[in-house]
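I'd like to ask some things about the structure below.
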Amino acid sequence: MNPPKTDARRHHDPGVRGFASDNYAGAHPEILAALALANGGHQVAYGEDVYTDHLQQVVRGHFGADAEAFPVFNGTGANVVALQAVTDRWGAVICAESAHINVDECGAPERVGGLKLLTVPTPDGKLTPELIDRQAFGWDDEHRAMPQVVSLAQNTELGTVYTVDEIRAVVDHAHGLGMVVHLDGARLANAAASLDVPMRTLTNAAGVDILSLGGTKNGALFGEAVVVLNRDAVRHMKHLRKLSMQLASKMRFVSVQFEALLAKDLWLRNARHANEMAQRLAEGVRAVHGVEILYPVQANAVFARLPHDVSERLQKRFRFYFWDEAAGDVRWMCSFDTTEDDVDAFVAALKEEMAR
Amino acid sequence: MNPPKTDARRHHDPGVRGFASDNYAGAHPEILAALALANGGHQVAYGEDVYTDHLQQVVRGHFGADAEAFPVFNGTGANVVALQAVTDRWGAVICAESAHINVDECGAPERVGGLKLLTVPTPDGKLTPELIDRQAFGWDDEHRAMPQVVSLAQNTELGTVYTVDEIRAVVDHAHGLGMVVHLDGARLANAAASLDVPMRTLTNAAGVDILSLGGTKNGALFGEAVVVLNRDAVRHMKHLRKLSMQLASKMRFVSVQFEALLAKDLWLRNARHANEMAQRLAEGVRAVHGVEILYPVQANAVFARLPHDVSERLQKRFRFYFWDEAAGDVRWMCSFDTTEDDVDAFVAALKEEMAR
Amino acid sequence: MNPPKTDARRHHDPGVRGFASDNYAGAHPEILAALALANGGHQVAYGEDVYTDHLQQVVRGHFGADAEAFPVFNGTGANVVALQAVTDRWGAVICAESAHINVDECGAPERVGGLKLLTVPTPDGKLTPELIDRQAFGWDDEHRAMPQVVSLAQNTELGTVYTVDEIRAVVDHAHGLGMVVHLDGARLANAAASLDVPMRTLTNAAGVDILSLGGTKNGALFGEAVVVLNRDAVRHMKHLRKLSMQLASKMRFVSVQFEALLAKDLWLRNARHANEMAQRLAEGVRAVHGVEILYPVQANAVFARLPHDVSERLQKRFRFYFWDEAAGDVRWMCSFDTTEDDVDAFVAALKEEMAR
Amino acid sequence: MNPPKTDARRHHDPGVRGFASDNYAGAHPEILAALALANGGHQVAYGEDVYTDHLQQVVRGHFGADAEAFPVFNGTGANVVALQAVTDRWGAVICAESAHINVDECGAPERVGGLKLLTVPTPDGKLTPELIDRQAFGWDDEHRAMPQVVSLAQNTELGTVYTVDEIRAVVDHAHGLGMVVHLDGARLANAAASLDVPMRTLTNAAGVDILSLGGTKNGALFGEAVVVLNRDAVRHMKHLRKLSMQLASKMRFVSVQFEALLAKDLWLRNARHANEMAQRLAEGVRAVHGVEILYPVQANAVFARLPHDVSERLQKRFRFYFWDEAAGDVRWMCSFDTTEDDVDAFVAALKEEMAR
């Protein structure tokens, strides 16, 4: 389906890949095929099309009979819409200090949603009941933004994966305190693949109330979805999505991508492959003296510490980011299209640069 | 490129079209081809890819050497980002009462941007210097939101098209009062096609400072762009786009669609065709006794008044919307994929229903 | 209680008054006495003091057993807190185009509360069921901000007063459509005095759900109160007041002013006097040839049209404002401290200037 | 001037004081006298009165020829208006985790101002250049809210006082990084009294750009002021104050209170007395075995750790708050009206309860 590499209108070399981000990858070919399938003719705009309708069935298959999906454009949009749907104007969100919503969304939760984030430092990106308790108090104190939601990320920003029991413990604790649980699942597929459980085990079966379900990092062109799991806890998604500027007019093209991912096992194949490449990368790296792997490699990310000058030389050969430049920490991400050869070449290059 | 109509995974009939909205249409096949072209390999996320870079050249070709495009997801997003970029926290936007930003965005300008809209009733959706003056005062009065921008739509929500002179008059008046001009160009291509002028004539050449450039209604899958025309009038688009949740990670797929539309003449072919279909429709309708066309048909929309029961029967055969149900007003939209046969069948049906 | 006029530290002449605004007046001496009474010793801050507690009894005496008062700082604060308390994030407020919340609050409802105002032009500042219907539609349409409240002002910005039946008609209509009713009562005392009814007749007895009750224009130093009349319709005022920056720490000093106004008849004496002065002024003005009174004089405001140069000369002798400078319209306000001599001198001056 | 204690309308005993907060105190009698002085006659509303004009001279005497004061209602209002005036829509504020703006304003900075707070844990409530550096990075990264301001509190929430050198170091560091400095001076008078320096030494002379100047805790009835020190760094306070609902109509009554505080030495007398009472209290407490004082007592607050049951018994005799109930930490505040007898009685009671 892809045009020949030599197409004159093509501005890039489709053979070049790196380890900077799973956002650097393009779309899986089955995604493009799905777009073509949904094209042609007229369909009702703004979500009343047949593809969005079909998506609901697919989503209920994954997340239970009460689940309802609201496709949106991007992850920040999914998070901010979801969090608004479970908070009052005076509500606050307990999250890890390292959470994407806290450090990587330019204040969109605060600015668009008027949300106050109550952050907690964590050793590995994961919240626990004890950590939650550091911010879970003062519901009756009007001087304090009222903690109404706990927001987890699965996987975390640090590439770690909550076990089912860990999620359950957090959810039970939050519910016991009268709070709702949001799960930022931009990479939920990777977590499910890592734990070898269905996505439902990590979400509705564990009591999560509302989910940001990632598509883009799982191989889509673009598109995420807010999945409402507990309708009693969630207010009026419909208008919230629109006023948050996340309502796609030709929504069939978001929905059909999710159908392509979720109806069979594309979501799992993509996630599993990315995870496997990260394992292969971690194994390779562990054999390189002087490079320290920082967190458990449980999904598609490898965080490492190595000499700064080595990283800089290596960056000239493969794209990746510093995570904490002062400390010499870097992040290497694998994606659905990372190949074994990519990983092996990278490890070889790392060895070379470490040896110089 | 499209799969056969009989594909079992296809949930809709690609042969069915109506007159409800240019958003009901899918994407032009050249758009899908462009997505495939941009796919494969890794590209820097969030806009530092080669397709977004190339888009800048294409956009400068249309809008002059100072133009800079910021791809976003949708029209509301484009408008709210653009308006934030030209207002202070205390700023207000003068616009037509019928403007999309006022009536069709669920308050996103107010809620996301904290913008106050100062609206003016208009006979035909168009602002004039005289109409602007009804709200253009009180800059020094802190009790009043400060008028800092005039926002035009070209075409207007009523399907009318500003002439070049009309735009210039509004721009000169606004500039003379120290205000900036934003143009909501969700259907700018249709206006340019209608007037048979380049888009620049209606925008930067007329002094417009910032533009919301439509892609979706012009045949794209999704995607709009804020085009900064006067850099001196515009503040820091980069962070504004992100905090407004309009920053696409795999931006190459937005940019390459715009390249497909703008690099050659796809934008014009699509717009011109939609306009011609609206003219054909208007001609057909004018021949039907008892149906009144409400505004000049200058782009791809036909507004008409007809008996309510006729509309309701007709809606069972072709999708379209009431515009003002109490008055019996309806809106019929043509799009890039409307065919002559579609129009002729619709007019024939209208005749039949009027005759019953 | 007031210091001698000759006090060297006094920067102004307490004998000078004009007709610019009831905000130009100071505080009634009984208000200052009440502040002194509440002073001394320690009282719990932020509203748990005995004066705020006593105020509740006083307010229930006026507005019924369910009423609860939340003192705030100013009128914009009262309105924006009250409107937030009866709207969801996607809610909209139907109000007159001339409403204070629309034209005189620098966009605070939009910016602080994220509220969308759906405005209606009115002949005299008053909403009616028919006028409300021009904006009361589309509750299920996510593209439109959802109309959830009707906000009336009593008196209106144009000095007109709703009759009891007019308020009831609006309230019944709004309730019938599932909307809540807010009353901006910055000058409610003047309306009650004008109609010679208790304030409850115009508010809870008429079905109003939430009230902004004015203190400042009724003779207080500062201070307004949101009075919740229908607790079922109102959400969680406590945090809303705080996050809207309207929570006074030494609240006893706001509450005791309201007690001074409301516990006996100071509110009524002040309002009645201001109204009488406006009647005296209107009578005097009617006798001046060439000056047209624009609206029924029903409270403490007189709007008039006269030659622009006359107004300008008159403004050199007495302070007042143009209302619509282009039209030659002016507003003359009376307050609790306006004297008969003030009015007579003003009318005499008007006659002189008209005769020049 | 105060009415007799036996006044029947008085609901409280003016002889009762505690150690809960300097907000529990009433107003200094000179403040009430000033209100009476400013009363009577008409004065232009909204800040164009002679008292606000005079205040500017007084403020310039304290803070230099460029200073300009904008009276507002309360401390949260002052902070949020000031911070908006020195940030863009994408701006962030670096502050201590314990800062009032972060923990005690119900998210008003986020909700009203759309501000992102970048917080840093501190040992004693004070920021340092090193601590600032933990959040001062990423100005060009659109995924991160842009650090544009450092907000200090003097005194801190923990009762500690920055030395002049400490403030200068922070200011120089912030300026060197292109950031502006805001000082939350709700208790600036106490800090100046503590260090025995003029307030200017801690603010404009140290390079602070914008100040929230406290009145309420310094003995006023209500009222704070934003004081602009560096006009080049500050945008358009006028509209910001109004849209933030902090514009008093009868502003003369806020301004004259500040004149009463600042024109002579009332501000200093009040602050110095409160500080002295805190020293007396600390001395007394230090002599009680088993009670630990937690932070240096540098202003009018004493933080202590003592057995929880002792605190609870003591609270039945004197009002005060737990600061960290789990840890057994309490806060004792002195105010302008705390007497030596109050302190001595409290220490005696503490001794008794510790001895039980």
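In order of appearance the chains are A, B, C and D, and numbering begins at 1 in each one.
We take it that contacts are C-beta pairs under 8 Å (C-beta built on N, C-alpha and C of every residue); 3 or more make two chains touch, one makes a residue touch a chain.
Computed from a predicted model, the values in this text were never measured in an experiment.
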Chain pair showing more contacts of the two, B-D and C-D: C-D
Most widely separated chain from chain A, with each centre as the mean of CA atoms: C
Centroid spacing, where centroids are CA-atom means, of chain B and chain D in whole angstrom: 51
Interchain centroid distance [CA atoms averaged], chain C/chain D, Å: 32
For chain A, residues contacting two or more additional chains: 46, 89-90, 105-107, 111, 114, 142-143, 145, 239, 242-243, 247
Parts of chain D lying in touch with chain A, wherever the complex brings them together: 89-90, 92, 103-107, 110-111, 114-116, 119, 142-145
List of chain B residues in touch with chain D within their complex: 46, 84, 88-90, 114, 142-143, 145-146, 235-236, 238-243, 247
Chain D residues touching chain C - in the complex, by the definition given at the top: 1-3, 7, 9-18, 20-21, 23-27, 29, 32-33, 35-46, 49-51, 53-54, 73-77, 80, 105-108, 111-112, 216, 221-222, 239, 242-250, 252-254, 319
